[in-house]
Every structure is written in C-alpha cells, then in structure tokens.
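The following pair of complexes shares a single chain, chain A, combined with chain B in the former and chain C in the latter.
Let's look at the complex of A and B:
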C-alpha cells in the first residue's frame, strides 16, 4: 500500500466523511434501531412501546413456524449454492473447451445475470404457472402435477430452480476466468503425465480452482440467504402464508404484513449475527486463502 | 539406432497458416539435438508435434520404431520440460515428481525410490515437501527436470527451459543439463532461439527458418560451413559479415576492390567473412577498410567500419594496437564463404 501524507491532519477525515455518513445513516442507524426494537413490544400504530426483554427472541425461536422456515432456509441455501456452483462449473468447463465462437457462447450464458430478481421471479411464476407454465406441462409428463402456491414442496422446488438459474451465470463467469487463468503449460504438462481427462480435472484443474470455488461458495450462500428476496416475493406473493420462504422473507412478512415489529426485529438481529459470522469467515479465509505463487 | 524419426512433418493450422513445412530429422540414441531459429520459425511447434500437444497435419513421427502420430501425449513415452517450468502449484515437489508415475500405476515403493533417486541426482532432496511457490527459479527448473527424469522416457523434450533464468544461472544450468543428459544417455531435443545455447549443448544442430530446415549438422559444421546466408548470420556472434559482391575471372569484386581467390564461379554473390577470421593491420595486401567505432570487450575488441559502402565488423585481440582511420584486412581464401546472391545458398 502506498502511504500518502496529508499536510492538513483533518483532510483525510473530511474526505472519508461522506462515506462514513452513508454507512451511519443507512447501515448503523437501522441496525441499532433493529436491535433496540427487538427488546420491545411495539405498537404497530406508533403508540407506546413496552420493554419485554428477550421475549421476542424466545417467542420467535419457540414458534414451530420459525423452525420450519429455518430448516427450509438451510435446505434452500445448501441446494441453491451447490447446484448453481456445480452447473456454473460444468458450463465453464464446456465453454473453456469451445474454440470457435467462444465469446458469443459466453455472452449468451451471461445474459441471465442481467435479469433483476423480481423479473426472474415473474418469469418463474410464468414458467410454473398452473395453466400456461411449460415446466408444469413438462413435469406433468412424468405424472407430477405441480401446484405453485398450493403445495408446499412444489413451491419450494420452483423457488429453488429459479434462484439457482439466476445465480448460474455469476458462478460461470468466475469459474471461466479461473479456468482461463490456469497456465496452458500446466494443462499440457498434465496431459503428458495423465491420460484420463476426468482424472486430470479432479487432480489438477479442480484443486487449482479451489480459491475461486471457496470465494464463490461464500458469495452464493450470501446470495441464497439474502438476495433471493425479490424472486421469492414474486413467486409466493399471493400465498405467503402456507408457502416456503426464507428467514429474510419471514422477517419482512412478520414485520410488514403481520405487524409484529418486535418479533421481526428480533429475527433480523439473528440474521445480522449470521451475516457477521459469514463476513468474518469470508475475510479470514480469503486472507489465508490458498495462494499459489 | 535411431530414437526419433520425423518424416516430412507438416503443420497446417485450420486458418491455412503453415507453421512447419515438410521437415525431416532423425535423432539418434543418446544424441542431444538442438532446434534453433528465430521466434516463429516453427521450432516449438515441431517439438510439440513430437510431444503430441499439436496434431501432425502430414508426415510421420516415429518414436523408438513406432509411429506415434495418433497417440496421446501420455502414451508416447516422452518427457517435456517447459519454459515456465509448468509445475503443479498445489502439489509438493514430491507429488509433482510422483504424479505421472502414479497415473501410470507404478507401485508405491518404486515411485518412492525413483523420486528419491532423481531428487538426489538434482540436489533437490531437501525441498521435497515444499511447494513450487516456495522455491527459487533455479530450484523450480531442477524440479521440472526431475519430473522428466523419473518417467524414464525414450526422449527428453526441452522447450527453451533456461530462458526464464538470469544469465549466470543460465550458464550453470546449461552445463548441468548437458552433463545430466550425457550421464543418463537418453536422447533429447532442445529448442532454443539462443545460438550460444545451441552451439554449446548440441551434438546435432537443426537450424530452422520459416518452417523449413536451413541446415542440419554438428556445431562445427554449422559454424564452419553454413549452408545458407541465414545460417551464416544466425550462428556465431558477432554474426558473419555478408556483403554483396560480383564473382568474375576467379576473383571477387567488392565495390572498387578486387580479391583474387582462384574461384571458378561467375555472377552476383554474397561475400561472407566471419569477424574473427579477418586480420586487421595498418598496411599490406588485402581489403581496404575505413574504421569507425571500436568496442572493447576485454579480451577482444570489435572494430566496426566500412568496406566501400558496406558495413563490416571485425574482431581483434585486445593486445593488438587499435587501427587508425584506414586499415587493411588480410583474409585467407579458405575463410571466405560465398553464397548465391539470389537463393542465399552456399556456392
């Protein structure tokens, strides 16, 4: 890092101030507010708030509804992360092998990433629509009658598919650039040392992608936990009550639809702690991330 | 016996570009054969065709009596040392050496023994548990060689292996490669653009230019009897002086000067003279030269100047007096190389 010297000792602080102000107003203040209200029973109509201690937390954890959502979130995050990583890697490996028209192929695969989550959700709703959804028709061929918004697991699977689809291009781009950063000569040396292409992939290519994979894993977990909100919102909008949702969506639903501000705040504090842990893991491991050369 | 036979090998890329145009080379058992030429001459492509990393468009590559055109690199019984070492960065040195053997199903104890033996030969036994990233350039180079040695290949393929090292280390490793190759007695192809490396290492030099062979020969032959002006200017430093001239009546006319050589060739030629083969003096018989800049190199000096309108460089021992503005070059007839002015071929 280059060390810069300022003649006026206040100048660096002045330069930092706008950013600090933004962080304070949009991050620190709401977070503090959430922590504060998680200990109160709030009157939804801006009346008095009553201090209730940890009751909001215990209520939330005890609710079978919360546990069910937590389990679904865990499953959702695991499946979305792993599936989108696996498919992204598969596509990247194929794209890496394409010699002609690689750039158009890449562009086609990346387009999906430009779609906003709510739009992806809308497309998902259409794909899984009872009457016009092609995927519903497709699954019907195998005798599976999908009913989005009615059947808990049908909805869950649809959300998982759409969220995964949305994240594949992101993983694809990173994996492809990871693959292309492996020196050609290393791949060639491996061709001389090992006949089986599959074995070369698992012993040379995949370990060399490990830093990329790890970085993506953290990002995918974050995506699945928090950024799928728009997609889920579109897909379960009509029936949020009996549809599977993630913890983040539940915070919104309990707070803004159920008017349980205290309980919602308590849940969001739990999520905040989770984000904190994820961030620490990410920073510590990325710092110590296997660096070759 | 012949280890490797390349017969009329052609490499044509899908876009029609011709990288190698019908090259035939034999590499005998235990021979160190150097492919040398400027960048883009096809030397690396030819090596990669032997390795199986490039397809052979036409012709045959025959290794130890077997045509290997359609074999995968892993099945060819070759070992290659790459320019940038191409070590597996996520594996320890030990695993780097063992990787190829493991994939071939060599028994564990045998792998262990071979790795140990190669490591001791190359003096890398102390680093076996380190990663390539923790090694210096020279050490990585040794590991790359070790990875080649443990395979017991029919032929070693070196692709400019020293160009990433600094000058001092390069000279040292060059000598080591030569010693090692002699000791193992395995045939090798060594690709380089550095004519000094080619001269010092080779049993046989193959000079390539624009996808074609210019000359094959021992270092002495290539230096002493260059087949073309290209070889003449590529091998030897400073390069041979090449001056357009006219041959007539047994003499060579260089501008307004004439050298009597007793030749029976007529017509336009290129006159070639190695800088170290001209004796520069103040007066006497010979070519008159206007001297210009003088470069001192310690033991010798380079005297640059002109013969008529043409530039010429000659070397002189540093203990000789520096010539004045006008000097005379005494030249033995046997030191003069004549090339056809059109084709560049030796006359």
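Let's look at the complex of A and C:
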C-alpha cells in the first residue's frame, strides 16, 4: 500500500458503494441461495422445501450420469488445455523467429479470439454435419464415419476440437509476448554457448517461459471448465441427454431443464470449491513470481 | 538457417490455414443458396448470393421468427458491449481508487469481498442469479442484462495494480498544491490511466459482446436479443426445418463475429497490452 493516502470519513465508502452493491445483490445473495438450497429438496411446482441434509450431494455423486460427466470433464479439460497450449506455443515460437510477415501472421492467428464460443459451436456443428460437413468427408477418407449428436465419442471429439481451436489464439498471444520479452543479450549469449537450436529452446527459452505457461495453464483450465458452455450448448443441441457435456453444463441442464433445483445447487457448490482450489493455486503462483522478480 | 526459416513459414502458414480455414469456408458457404448447400455440402467458392442473404438477415428476419432483424440485434449487442465495458471501467476504477488511495479500516475487508467474486463465476450461480433477477423484475431489460455482469474482480484488480505503480510523488505534489481526493482523481489519475482504460475497454467490449449464457436465460422477448443470444434461436429453428437455412445461420454467425474481430484488429497493440498486463 502507498504511504501517502487520503483520509476521509465517507468518500471511500461512497466510491466502493456501486461495486459492493452489485456484488451483494448478484454474487453473495445468489451464492448463499445456492448453498442453502443444496440442503433442501424443493418441489418446483408448489415451492415446498424439505430439509434433506447432504442427500443432494450423495445423490449427485452416486448417479452414474454424474460420474460419466465428471470423467468426461476431466478428459476434456486436460486435452483442451494441453493441446491449445502446445499449438499456441509452437506457433508463437515460429512467429517470434520469422523476419518477414510477422505482423500479418499475428493478425491472422489472433482473429479467432474475437469469436464467441456459441458462434464457434455453430460453425463447428456445420463443419461436422453428417450431410454438409467437409470435415466429416475428410475423416471418411480414413474410414471414420463421424456422427455428431448420435455417437457419444464422435460428439465429444468434435467438441474438443472446436474448443481447442477457439483457445489457441489466446495462448499464442501470451506466449509470443513472453518470447519477445526475453532480452536479446540472453538470446545472444545462448547462441554463442550452444549451437543446437533445439537444445537452446529446451534449456534457455522454455524455462524462461515456465511462469507464463503455469499461469496460462490455470487460465486454460478455467476456460475449458466455464467458458466452453456456449460451444457445448450449440454442439449437443438436439441430444443433450446422451451427448458428452461438462459439469458446468450439467448444472444448467439439471436446474433449468430437469427442474432438479437441490441437485443442481449441490453441483454448483462442488464447482465453487473447485474454483476456490484453482484460485488458491493461481495466487500462489503469482506470489512466487513476484518474489523472483 | 535458410531451411529453418522456411520451416517456420510452413508452420505458420499451416497455423493460419487451421485458424482461418473454418471461417473462410463458413463465409463462402453463406453466399450460396440454402438448397445448394443442402444438396452439395459446404462450399469453397463464391456463391453470388451474398447481398440477398445478408440483406434478408439484416432487415427482414434474423434467421428465425421474423420478429427481430439482424440490425436490431446488432444494436442490442452494441448496447451490451459498450454498457458492459463502460460500467465495468467506472465501477472498478472508483473501487480501486478507494482501496489504494484511502486509509480506512474496512479497506482490507472490502478488498477480500471483491476477491471472493473470483470464486463465483456466473456459471456456478446461474439458477439463483436468475431467481434474484426475476424477483427484482429485471428480466427482459437492458439493466438486467448489463448490471449483474459488471461487478467481477478482474477490472478492480487491474486498476489496483496500475494505481499502485503510479509514483507516490504525484500525490504528494498535488496535495501540496491543495488538491483534494476528487480533484486528484479527476485531474491526475484519470488522464494518466487513459491508455489503460482504452485497453480494458477493448477487452471488455469483446467480452460483453460475446456474452451468451446470461442473455440466453435473461431475455425471452426477442426485442432484447443480442446477436450471440440469437444464435441459439437460429439453431433451434434449423433443427426443425426440412431444408435448413444454412446460409442465413452462417450469415448470422458472421455478423456476430465481425465487430469484435474488427475492434481487436484495429486496436491490436492496445488489446495485446491490456490482455498481457492483466496477468501481473
């Protein structure tokens, strides 16, 4: 904190008031409501609620549907994060090295960042459509008949591809600016000491990028967990029941479509705990980086 | 060395193909007649129906019921994008100012309350948030669309970080000159933050424009639909149709994509600066 500060009996409160008001109404109240109703069994038609303790939680965890969704979410988050990080890094390393056309490449590779997840999903649905989709024709060349919305894993793979595609520009931008912030003196010294470009990358560049990568990993996990909602919603449109979805999508589906208010609330609370863990890890990382600097 | 350079270009060109290819195909297909698309699949050439399709989507029907046009949805999207960005900047700048520049007991407490919102993404509190908005009578209104989205912690953290990096001498100097807290904020801090505000505005405009889940559950009346929200109705209509209007659906997707993409490309430098600074 700064040493020189103002002191005023009411002004800081007035300045904070708008944000606090919105947080209280739209964050704290709903969150408290979610926690409360996760312990109740609510009748969606008459509004009667009975206290059932942890039953909503145990019911959710025991349901085979929940377990299947949890496994798919784990796989989905891992694949989307790692694939988009790897491709983003590869493109950034190449873009950092080329002498000509760097800004054109950058512009073209960034474009997809602007696309909303559901729009990406809509384009994905068409590209993977059984009748009109060119990607289905492409995979058919290898003898794989994709059936989006019919086959569980075909749909899953299509969702993973589209979600990865959407996230690549983000990682590309961060990696490229990370690479460009490495001082030239370091690069030159490394070039004198080590002739092999590959070894130079893995022993000098990659460790220097490690903090960025860890930070990005967390952001990618958050993206895959939460922001892919729109993509998934588009891509499973006809058959959300028998298609792969993430835990976040399931909260929405059970609450809004299935009218299982207590069960949906219990799943929300589980997700809040997950976010809590992610946030703690993220802040630990930032703190450590501050110490290094 | 030469070989290495060529390889880099090959990798980048393949990357461009991967990233832009789907968009180009989607755009080209949208210029064809829907019957042609239905019979022959997505297209890789120029269909010549560009003006017809886009005119229909923009002025007659947004791809579905006909109650709202693409132009109106674009207008709603702009309202949401700008309202979200401006609201977020105002709310988070004043909050960050209070936290950094004032000595008061509850400061740390408020900081942690703001921090808490990081734990509550909209997606995990969606059902109760909907109920709250319903009780307050905010469904189907611009206020209800924008307000619940603007109070997250990211903007406040961003400005807090920036204010902390402003040299302390400035505050001391302006105090000697007799400036009060409001004058200091308005005459010194706001002009200093101009670039930061612009960077945040660009990012937040894109984030606001691309909102999907909240507008989807909040707005049931078509006059409040944004382009991204409208995509859902386009899809529903497509599933039911005999020969779906693929061209109109893709045209809607293109319309929903173009403004944020243009904003990012035009203000590329500022956008990257804002995005990368956020992590610090």
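FYI, the second predicted complex is superposed on the first by the 284 of 293 C-alpha atoms of A that agree within 3 Å, B and C clash if a C-alpha of one lies under 4 Å from a C-alpha of the other, contacts with A are read in each partner's own complex, and residues count from 1 in each chain.
Note that a contact is a pair of C-beta atoms (placed from the backbone, for glycine too) under 8 Å apart; a residue touches a chain by one contact, two chains touch by 3 or more.
Here the structure is a predicted model, which means the values were calculated and not measured.
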Consider chain A as the common anchor and indicate whether chain B and chain C clash or fit when overlaid. fit
If we overlay the two complexes on their shared chain A, which of chain B and chain C does A:142 touch? Say first, second, both or neither. neither
Of chain C and chain B, partner touching more chain A residues: C
Once the shared chain is lined up, is A:37 touching chain B (first), chain C (second), both, or neither of them? second
Tell me the contact category for A:51 with respect to chain B and chain C: first, second, both or neither. neither
Touching A:256 in the superposition: chain B (first), chain C (second), both, neither? second
Have a look at where A:194 lands relative to chain B and chain C in the superposition and call it first, second, both or neither. first
Scan A:210 for contacts with chain B and chain C and give back first, second, both or neither. first
Mind checking the angle chain B, chain A, chain C on Cα centres after superposing, to the nearest 10 degrees? 80
State whether A:186 touches chain B only (first), chain C only (second), both chains, or neither. first
Once both complexes sit on top of each other, what is the least C-alpha distance from chain B to chain C, rounded to whole angstrom? 9
On chain A, the residue positions that both chain B and chain C contact, one per complex: none
Interface residues, chain A side, partner chain C - complex: 1-8, 11-13, 15-16, 18-20, 22-23, 25-31, 33-34, 37, 87, 90-91, 94-95, 97-99, 101, 105-119, 122-127, 131-134, 137, 165, 168-169, 173-174, 177, 197, 212, 215, 222, 226, 229-230, 233-234, 237-238, 248, 251-252, 255-256, 261, 264-265, 268, 271-272, 275-276, 279, 286
Could you please specify the touching residues of chain C with respect to chain A in the complex? 4-5, 7-9, 11-12, 15-16, 18-20, 22-23, 25-26, 29, 37-38, 40-42, 90-92, 94-95, 97-104, 106-107, 110, 113-114, 116-121, 123-129, 131-133, 136, 147-148, 150-151, 156, 164, 168, 171-172, 175, 181-182, 184, 206, 209-213, 216-217, 228, 231-232, 234-236, 239, 246, 249-250, 253, 256-257, 260-261, 263-265, 268, 272, 275-276, 279
Where on chain B does chain A make contact in their complex? 51-53, 72-76, 78-80, 82-90, 99-100, 103, 131-133, 147
Chain A residues within the chain B interface of the complex: 183, 185-186, 188-196, 199, 203-204, 207-208, 210, 290-293
